[in-house]
Amino acid sequence: MARHDGRKPTQLREWKIKRKYTRNAPGSVLITSGRTTVLCTASVDDSVPPWMKGKGKGWVTAEYNMLPGSTSPRKQRERGGKVDGRTTEIQRLIGRGVRAVVDMTALGERTITLDCDVLEADGGTRTASITGAFVALVDAVRSFASAEQAKAIIRDSVAAASVGIVEGIPVLDLDYVEDVAAHVDMNVVMTGGGKFVEVQGTGENAVFDEHELTAMLKLARGGLKELTLLQRDSLGKFWPFG
Amino acid sequence: MARHDGRKPTQLREWKIKRKYTRNAPGSVLITSGRTTVLCTASVDDSVPPWMKGKGKGWVTAEYNMLPGSTSPRKQRERGGKVDGRTTEIQRLIGRGVRAVVDMTALGERTITLDCDVLEADGGTRTASITGAFVALVDAVRSFASAEQAKAIIRDSVAAASVGIVEGIPVLDLDYVEDVAAHVDMNVVMTGGGKFVEVQGTGENAVFDEHELTAMLKLARGGLKELTLLQRDSLGKFWPFG
Amino acid sequence: MARHDGRKPTQLREWKIKRKYTRNAPGSVLITSGRTTVLCTASVDDSVPPWMKGKGKGWVTAEYNMLPGSTSPRKQRERGGKVDGRTTEIQRLIGRGVRAVVDMTALGERTITLDCDVLEADGGTRTASITGAFVALVDAVRSFASAEQAKAIIRDSVAAASVGIVEGIPVLDLDYVEDVAAHVDMNVVMTGGGKFVEVQGTGENAVFDEHELTAMLKLARGGLKELTLLQRDSLGKFWPFG
Amino acid sequence: MARHDGRKPTQLREWKIKRKYTRNAPGSVLITSGRTTVLCTASVDDSVPPWMKGKGKGWVTAEYNMLPGSTSPRKQRERGGKVDGRTTEIQRLIGRGVRAVVDMTALGERTITLDCDVLEADGGTRTASITGAFVALVDAVRSFASAEQAKAIIRDSVAAASVGIVEGIPVLDLDYVEDVAAHVDMNVVMTGGGKFVEVQGTGENAVFDEHELTAMLKLARGGLKELTLLQRDSLGKFWPFG
Amino acid sequence: MARHDGRKPTQLREWKIKRKYTRNAPGSVLITSGRTTVLCTASVDDSVPPWMKGKGKGWVTAEYNMLPGSTSPRKQRERGGKVDGRTTEIQRLIGRGVRAVVDMTALGERTITLDCDVLEADGGTRTASITGAFVALVDAVRSFASAEQAKAIIRDSVAAASVGIVEGIPVLDLDYVEDVAAHVDMNVVMTGGGKFVEVQGTGENAVFDEHELTAMLKLARGGLKELTLLQRDSLGKFWPFG
Amino acid sequence: MARHDGRKPTQLREWKIKRKYTRNAPGSVLITSGRTTVLCTASVDDSVPPWMKGKGKGWVTAEYNMLPGSTSPRKQRERGGKVDGRTTEIQRLIGRGVRAVVDMTALGERTITLDCDVLEADGGTRTASITGAFVALVDAVRSFASAEQAKAIIRDSVAAASVGIVEGIPVLDLDYVEDVAAHVDMNVVMTGGGKFVEVQGTGENAVFDEHELTAMLKLARGGLKELTLLQRDSLGKFWPFG
């Protein structure tokens, strides 16, 4: 059975990573997967939140946001004091995902903030955010650290992929149309070394069995290998892992 | 290797369910697992949110809250306009978990709100909430529906269990001490029929491999069978599934 | 004339006090009066608000909240940044009531927070809150103070009772049905020693005369003697006043 | 014993009422008592809140606010989304006080909003607010009602006075210096006909006995007679009660 | 062509300044222009915002507010956490306007807050606010500074006037009726020495040409001379500029 | 005297307009002037705000926002319920600027929202926003209107330029370094036909005279001619004005 855009079940959309997209933030990455575009910037602050002071450790945090024009119809800004539940969930996922590969003691008393602003949304914005934010993180770390130090701070790479079951078939890297049609939706965050950081499978108004879980995990693993290579190519000599 | 409270890795804490704990809400369940206590009430409103009107379907939503005295030190109330990220994540999880087993068309244009207020917290409050909220849901549905109708509205039971890896060993139903020590933490929401509704595994500042994932899923499945039986016993003749 | 539940005008509902209801807070009291149930916890923090620092004095504050399922129809949570006027009024009343019997210098630079969360509401939640919060306060004080010290910190006991005029008759301890029917509603906070701490009489859309005021105050005094005895019995040897 | 400003215990400060102080609101009263000045405006809206629609009844509500420059040091504006507890308590008191003398059915489906903005604060702002708001209410009612109709809408006049115990002596109409020194503080809202609308006596960090309560109530009654006369003089032929 | 109130195009409304209107704030000015009335108070705080500490400089800030009864229909209070855009714009304009004539180093580490509360609104509230706030500022400065010092702190006087094009004619000092009818609306803030501090010309749903701009600026200059004289008369011997 | 980047006083930075930058919004323009980059999207909604319903007219509104990574150090998101004053001022300016050239009756009952999100900030973000938003507006109008209809809806083009006095010299199109150094800062919004829509000149802690005002207006006029040509070139055959 063909996917609506002609891809094979195991096939990613076209992904591109453009580093140094803007110049005020030390890490600035424009990542696109098909028609999803996210601007990931990484800013460095030479201090840590009050509750972390004096421990000699750093902190990495993330914020996620969709620009109003990124969707049709227009999405209202989250200004009225209330960040919606989905946004909160996604930015916590990005933060945990990236923190899993950072050595906070090696980072020292610094805060790195990863801002993932979606310019155009067509499904998979959270996985694009994590995958792009990692590249921005490397550039931000290199703004104050040598290659040697960066290797100590960043223990492994990290990327994320979505998988799901659409019309009974497990497929990789769902776009918006597939996302809506999927009965099960799973996001997998994985290190370059092949370890899980996060597995989140959800059947909203539906359920799934062990067999389907296994098939989705396998698809995700394949896609994540490709995304890790893309990150490595994009960083070139700044790739911290030899 | 023994757990700090003497349990075997596959052993649940002592769980109890007390129905009709208060009388103003049609469903009111006090659920305890060890030293964790949650009051789950289910209220019925004969209308639906504006965006659902006229579709002939109902809605189930959940709210989660920890009372200030449920923890030591005291937890501040979430009154300043800002519900914290963890709370948002948990109440969305409860809502999705219970919605997965409800037939919204059979429910009709009604909203059922599940309120899970933690009276005492010692780890596992979200899994206790889901497990208790399901029982409160059944009582609330029976306040307006016959046994026959309830069976159409509620397609299956649902419960949740936590598993994790503590000092290298996969263990079931973590209390607070284990939760803090765990390198990987996973919550599994499953139907009485043995299907997954939600799988959320997280390695904050750590990672996990396929082998560990498999071991945790197996543990969860065992615990969830027991919790389903506890729900059935508690509901007695109100258990909708014959 | 009989009251709708058969009580005499001078008769309290059935009141019960259960200490150590939960274990994380040093004071934890479940108080019930008829179908009104309030969980009162008292937490101790070894610091004071910024504006009190360095004065060698302590502080006692209270928060009041109704759980959503405590009423029918369900009461919405006060999360949207706005605590409603009634809540504010009640928690200020509880705080003033309890502070009146505490010697802040003997307490030292500590803050005791009294949380009164209503699990089930059938009228009289504010008077149950004060009466229960006093008992929780004693347990919390004893968590850091000897019997001798507690006697210095807590100068007297305090309790509260509601009175009102229903169909022309002054009655004690109104439940919800009577509360709605009452033309005048009065809350009296009194010490075990028989002094007033607070007298609040209100005729919403009605007025009252001196004669009615006197009758209500007399009823309240009678009820408060009984509630003081209940507090004493419940605390047993922890009752600070010999 | 002399009061710090030379008044006798039974003596009010100098009170003045200036009607039609501004012209956009139909009722606009500048009321001063000593160095306390409050601008009370009454606005009329030909609709009622949603929950009152179609019942043929009106509504009266009040808002209270202190201008930043009314105190020294400057008081911060309540703009940050949070109205403080004292403000809430006072505006609820004003609203209840005035509603007690209004016949909502005679008023018809209209909302009258009483805004009490304190221009200068020297104690007793809530009692000045109620006393002034009543006069503004009469002017506002006369903007749409005949003398005959006004008499049906407004059943009686209402005014408020503060009393307290300062250095053991019951005194009337406390200014700021006395307010701070008082061990007991009581506000009494009373109709022109001599009935109580509200009695609020508070002993913050202190208590009071029946004898003191009686003395304070007597003082209040005396002061309120004078304030009722001042209201009548100020309204002249617009005084609704013949 | 006559203006609706009979004024000539170059004619101001009747302006009055009343100093020491209230007594708690060191500067307190009631300014009226026709039926517009603004209470401008200036409060002094012997500290500066955190971001200015230790620089030996002071700060001047302004807040603007319309009382609910100042307009018909009643204007809702800005309490719900949201200050509206117009309010923000106006209070920023007042702050910039007054800061332009203050030597922050001569002021020293103090904050002066200018509160402009509109008691009655009939157009031109922002220009009345600036013109009155300057007078309140002088009184506030003189509360801690000698005449000599005040001259060093306050470099020049400042006032503001509105101009506009109504039915093709440039007019000075628009009231509400003219404001609504104007196609172009301009506010000019100018020093006593004749220099511009701020020029804000706006054609909402309309445009204007260079010729009209020049005509409006000329009208404003004329009006501002008169307002400067009024400020000087009002301050008498406290006028800082010899 | 040379400008720090070698430009002549009358010289714009390099400006570029890229249409159709993203695809979900009908108008999507990436505008850059030197190192300032703004994404302007225009969304169309087939309804109007409640207060405009049934009048047969449309509405155009604007929102402005700086992404956190657009500045160094990182700018905090405006999520805490409070949109800062500068943001409010700018988005009101953009809205008024564009509304001045739109015929609301010809537009019909539609709302066009212009979102200006700053990706990189180096001064002049508000003028780039207006200039880019106009182009996005044209594309959005053409998504539902013929060339003929668009000409009726959009009466003229509109663009904006900043001018200022830096070290005594009037200069055009200030970047961030010049903006900080400028004693006077002026923004001019002008139609393609050469009429003013808005003139805002501000001397924060400084003043300016008539001569300087005239010089700045002349510089602005020159720059705005060039920007109008750039808009026309970018729109090509979609330029509505023949």
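We call the chains A, B, C, D, E and F, going by the order they appear; numbering starts again at 1 in every chain.
In this text, contacts are C-beta pairs under 8 Å (C-beta built on N, C-alpha and C of every residue); 3 or more make two chains touch, one makes a residue touch a chain.
Please read all numbers here as calculations on a predicted model, not as lab measurements.
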Contacts common to subunit C and subunit E (chain labels): D
Same-residue or different-residue interface between subunit B and subunit C, half as cut-off: same
Fitted rotation between subunit D and its twin subunit F in degrees, CA, nearest 5: 120
Subunit B-subunit E separation of Cα centroids, rounded to whole Å: 60
Computed distance of Cα centres, subunit D from subunit C, in Å: 28
Distance from subunit E to subunit D - Cα centre to Cα centre, in angstrom: 33
Residue list for subunit F, restricted to those that touch at least two other chains: 80-82
Residues of subunit B that touch subunit C when the two form their complex: 21-25, 28, 35, 37, 39, 41-43, 45, 63, 65, 67-74, 77-83, 113, 115, 117, 119-122
Residue ranges of subunit B touching subunit A (in the complex, touch as defined): 81-82, 85, 88-89, 91-92, 96, 99-100, 104, 156, 186, 191, 193-210, 213, 217
